[in-house]
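Pasting the structures in now, so scroll down.
After this come two complexes, each holding chain A, first together with chain B and then together with chain C.
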Partner chain A sequence: MLAYAARRAGLGALQVLAVAVLAFALVELLPGDAAVALAGDQPDPAVIERIRKQMRLDEPALTRLGDWLGGLLTGDFGASLVSGRPVADILTAALEPTLILAGLTMILLLPLSIGLGVAAARHRGRWPDRLITTFSVGLYSVPEFALAVLLVSVFAIGLAWLPPTAVGVPSLLAEPAVLVLPLLVLLARPICSIARLVRAGMIETLDSEYIAHIRRAGVSERRVVFAHALPNAVSPATAQIARTADWLLGGVIVVESVFVIPGLGTALVDAVNARDLPVVQGIAVVFGATTVIVNLAADLVAFRLAPRLEVAR
Partner chain B sequence: MNEPRTHSPRLSRRGVLGAAAIAASVSSAAVVAGCSGGGASGGAKSGGTLRAAFAGGGADEVLDPHRVNLFADAARAKAMYDKLADLGSDMAAVPRLAESWESDADLTVWTVKLREAAFHDGAPVRAADVLYSYQRIADPEETFRAKQDLAPIDLEASKAIDDRTIEFVLQHPLAEFPNSLAGFGTYIVPEGADDFASPIGSGPFTYVSFTPGSEFTAARFDDYWDGPAKLDRLQIVVADEESARINALLGGQVEYAHDLSATTARANEGNDAVAMVSSPGSNMLGFAMKTDRAPFDDTRARRAMFLLCDRPELVESVLSGRGQIGNDLFGLGFEHYASAIPQRERDVATAKTLLAEAGIQEITLDTADVGSGFLEAAQIFAEQVREAGIIVHINERNADTYWSEVLTEGQIASYRSGAMPIASHISQRLLTDSPTNLTQWHMADFDEAYLRLQSTADDAEREVLYQDIQQRLHDEGGYLIWGFADWIVGTLPGVHGVEQAPANTLEWARFDKVWMD
Partner chain C sequence: MNPFAPGPEEGPPGPRNRRTPKAPSKPGAAESRHTRLPDRRTTRRPAGHRTRQRAERFTLIALLALPLCIALAGPFLPIPTGDRTQPFDPAAPWPGTDYLGSSVLDGLLDGGWGIVVTAAAATLLAYLIGLPIGLAAAATRHRWLDEILMRPFDLLLALPSLLLMLLLASIAPPTAWMLVLIVAIVNLPDIARIVRAAALEVAHRPAMEALWLQGEGWWRTAIGYIGRSILPTVAADAGVRLVGAFYLVAAASFLGVGAGPEASDWAVMVDVNRGGIFLSPWGVVLPAAMLVALSVGLNLLFDRLLSRRDRA
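Let's turn to the complex of A and B:
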């Protein structure tokens, strides 16, 4: 398993690099550059030319890409074209809120969604199952922005129970109340999809031959469900859990902009609008790395939960 | 008038759903408190922190006052710094750090006297600081936006007469030179200042903290030359989405929300929990026609567009009625505006004749999602033009590069402009060598007329020239100006002293005059 992990990590590093180069190429293909974007509605050609020179945009794209890759090997992410701030600083600042939101969402998501899935499977066909199924299909069909707007107008503006945005809050953890609504929005759809996967996995497992055998051996129903059936039932859901973690670590732009949370999603949108290539590439590296790590972790977990699957592959 | 209230503002903002009983008891308590609390004085109160929400520039925001670009940058710079002059709501220059200015007879040498003012570290504001600031902005290697406003000054020849007197020598006569002293981003920094990590200015607030893309905090400067601010602290927070700004205001997270839409203003018309301050005439909206190429190099084609435009319909549907109709002239309500020229009315029949004479069957209209209502205005105007039997293609361009593209490309393009003096509008956009001459208006006799205007010292004579220039633009210019949008900011009811003012003028975002209950 260790050799497998090492091979995957090496491949992952290559994938991350490829993503960064691809991001560079895509932003280069967009019309306009950082100088044009910065000039905005004052497009004085002489000024644009001067900005271009200052930003070294007059050099060939391949030279700039090469310089950036060279810096990356020494751990230097470069500096923003617009403000001259180190990209590493910008990434660190944007990562913090994204990590807090993603971490808290995952901590709440796993017990809730697995619990609901197991409950529905154990009461298959009866009212708790029907309630959970109806509710999760309904909630799953509500897009994030609609849910966010609804929650803000009811709980923040109407009832005034919670702050509507995180505007001006120095750190999300300093004022936890601002996290409640964003967390609800982030949890809504993943809870539904994972609970349904766990329910299906659980039903299949509980019907299986080996569970019937364990039951015949006189093991208590609690032990049957949680010690024997659950690990098998959850393993099909790990891929979906990994996808969710990846989505969260990418900075969910809809949630960030409605609730004014300056995370990675906002940083990426700002950087692309400003054609600030070093920042875009830095974020691409972060996104690539999280995707590789999360998927690797998910595969390892799935392997631990149900070794048969890995062998079969 | 609003009596000072002593109860918690959170309770007063509640009465949106239900809670009528609570609301009633709270407001009666407020009346009692107001009576016993010496409500008769009614004067401005000191104290408190005002939180103001602006759209921002993300992690790339800086505090260098010469690098201002966005409204949030300008509001921060204004809190900490002063300019020699600023623009009044009619765009006439108002002295600020300058106490007075006067010119020689041919308008090329201007003597500016500074008032007695101090920087936050106690050092006086001197002529040397002014010259340093202007030299920094004008540095040919640099790209400061204010460079354009200061371009008329020959800084080599200009000098300090004494610590509080500066003699500016200009490259050419300029009757409206004080406008340059009020230019966007022409702030005065202490001599030698080049690092703005903890900025020192002469403005009404001193620097406390700054996190790019998130928040900026400043505290009252007690020795401010224009009288100390009423607020203890000012906090400028960043919320890019308009919906987030109004939500933060409704939820009591901020006391001031900048740049709200007409739709938001209409939706909150009857809501006592917020107050809307709309400033008329702030944002000009229109279409720019290229006068150097077909089809709009033909004056008849431009006149046909003027006549086909249904201005009231555009103001009603694009601006939700929150604006005024335009007369194809920039600067409605500003100093020197040619208000005597009759309002242009729609006339489809005449337009059809003109188009037939000019032989025009189709046009391509450039637009992009670069401002609220841009796409809608283009769609509606296209329909209005189609009524004359013309084929209109709408070409939607990339928003990030739109302005740079339409400067040189296309036939007719959606256009907008913030407030500025009429002279600046002409010098930046309508002279042969203007940097952003979007209508490609290259007229030697027009350039001469403008130069004559700027060389005329007599106010009455200059006014005549202003009217002549505007009459010409109205008759055959390239800017079709259909309306002026109100500039809308929202405040909580307990905030006072927020004046109606076009963006980037003296009274706009002037937090040193704001006070709270």
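Let's turn to the complex of A and C:
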């Protein structure tokens, strides 16, 4: 276990480093002169000069790469080209709403999706299973924003039960009604894929020899399902649970934009549209590092649940 | 990761699989209560099975046909473009007007083409690049070539796909072709991995060794034998990729990156008409409903095709 964890953590550290280098390489990949490309449609010589000076584009790329990586370690992400604020400040200001959204989604996601998957597997072939399976197949990759505006127009405008956006709300936790629709949208996609995998794993496990043996021994059905079958059935789904970190971060970008929540996703979209590259780079590193860490945790959990599976090469 | 993809662990049956057969060969009465036999499930068809199947098929066709017809035929329908009136005019005939004052119906008819074609082109392009890479990585006998071809994708997979797309869009000039290229790049790692996993299994069959011993060249073994054998897997996966590309294109359009500012498709309609959702909700609801119907319909369709293939 320890050797595996060390190897896996090493790979994770390498991935984070690669993400940081990739984010840095964005500047180098810009077509033509980076300062001119970043200055906008009507380049003003003064603006170009300021950008060149601020991003130190005159210096060789390798020195800047070294400084950029060193800055990341000390929490120095550079400064925004548009507002001049330090990127670290922008990140910390936008972090809270995104953390609340992603955290609550993760907390709700696991019990709901595992519960649905187990329910479908226990009623295999009958109407609860058919209902859950059809929904989880159909909603598998529905664009979040389309689902979001449909829900808004039904529940916020048609029925007027919930607020349509989070405009004017000081803190998300202060008004939980604001969170209902965003969470529904964020949950839709990951629930579908995890519930399907749990159902498939559960069906296979319940058909296996050892479960039949436990049943013959007279163990109650609840204990059979939850204590003996579930750990084996969930282990194939853990990789997918990690993958939902990917979806969740992508979904957060869209959901924040639809519901006007001032989080990291909104900051990223604004920065991309304004070509504010230092902010884009900073958020990319934060998102990339988060994904790598979640993947790492999931692989370790999967290894712990079923050590016979070699989860990662 | 894609749940339909053949995982790397699905190799030849290991010792564990050999020791425990799926069902006991001669089930006793007590045993069959607990060990469910797979063949009993498939032979017993509940009453009303056929009508339910017909209803499912009808729903599927209805879900797919409407948005697809509008998307593919809409731009070519000879419907005169109405005059512009007031934006979000509540008095306008159904379905109202958009933020510029032209009819929502016009936008709806013209808006599907771009998304569907971009997604299809991106999927095609991703396969044109990913298929040879995956095949070469699986068919080669040099481990270093495999590593060089596949390792970069591990790094790309560490980034959320929408984030990767936003990053690429932040430095690329906003044109329609660039969006095709970006979505193709985002889809590339998954495709290459799936092709490689499928081809690896084929490349270790005895038939491959026979071909080698016969002295067949690389072209005949890699393209003629491996390429043809993995075709069903690739075809099934292509459906999943298409739905994924559709999702990415729609999300990019909605966020206003990738396609140019003058582009107008269903996702852009949802974005720009959001401001008037209280005055004229149809301008947002109709394109969103089209996107959801098309996405759900494609998902259900490819799932059916996939499960039919598995049963056969």
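By our rule, the second predicted complex is superposed on the first by the 253 of 313 C-alpha atoms of A that agree within 3 Å, B and C clash if a C-alpha of one lies under 4 Å from a C-alpha of the other, contacts with A are read in each partner's own complex, and residues count from 1 in each chain.
In this text, a contact is a pair of C-beta atoms (placed from the backbone, for glycine too) under 8 Å apart; a residue touches a chain by one contact, two chains touch by 3 or more.
Predicted, not measured: the structure shown is a model, and the values here were computed from it.
In the superposition on chain A, A:93 makes contact with chain B only, while chain C stays out of contact range. When the two complexes are overlaid on their common chain A, residue A:267 makes contact with chain B while staying clear of chain C. Look at A:303: by the touch rule set out above, it reaches neither chain B nor chain C. By the touch criterion defined above, A:247 lies against chain C but remains apart from chain B after alignment on the C-alpha atoms of chain A. With both complexes superposed, C is the one of chain B and chain C in contact with more chain A residues.
Looking at the shared chain after the overlay, A:80 reaches chain B, while chain C stays out of its contact range.
In the superposition on chain A, contact of A:216 is made with chain C only, not with chain B. When the two structures are aligned on the shared chain, A:45 is found in touch with chain B, with no touch to chain C. By the touch criterion stated above, A:164 is placed in contact with chain B and with chain C alike.
By the touch criterion defined above, A:259 lies against chain B but remains apart from chain C after alignment on the C-alpha atoms of chain A. The contact surfaces that chain B and chain C form on chain A in the two complexes overlap at residues 30-31, 37, 149, 152, 157-158, 164, 257-258, 271, 273, 275.
On the side of chain B, the complex with chain A involves touching residues 10, 13-14, 16-17, 51, 53, 57-62, 69, 141-143, 145, 147-148, 211-215, 235, 237-241, 243-244, 247-248, 250-254, 370, 398, 400-401, 403-405, 407, 416, 435-436.
Those residues of chain A that touch chain B in the complex are listed here as 30-32, 36-48, 50-51, 54, 80, 82-83, 85, 90, 93-94, 149, 152, 156-160, 163-165, 167-168, 170, 257-260, 262, 266-267, 270-271, 273-276, 279. The residues of chain A lying in touch with chain C in their complex are 15, 18-19, 22-23, 26, 29-31, 37, 125, 134, 137-147, 149-150, 152-153, 157-158, 164, 193, 196-197, 200, 207-209, 211-212, 215-216, 239-240, 243, 245-247, 249-250, 253-254, 257-258, 268-269, 271-273, 275, 277, 280, 284, 287-288, 291-292, 295, 309-310.
Of all residues in chain C, those touching chain A in their complex are 1, 3, 9, 20, 22, 30-31, 34-36, 38, 41, 154-155, 158-163, 166-167, 169-171, 173, 243-244, 246-247, 250-251, 254-257, 267, 270-271, 274, 277-278, 281, 284-285, 287-289, 291-292, 295-296, 299-300, 303.
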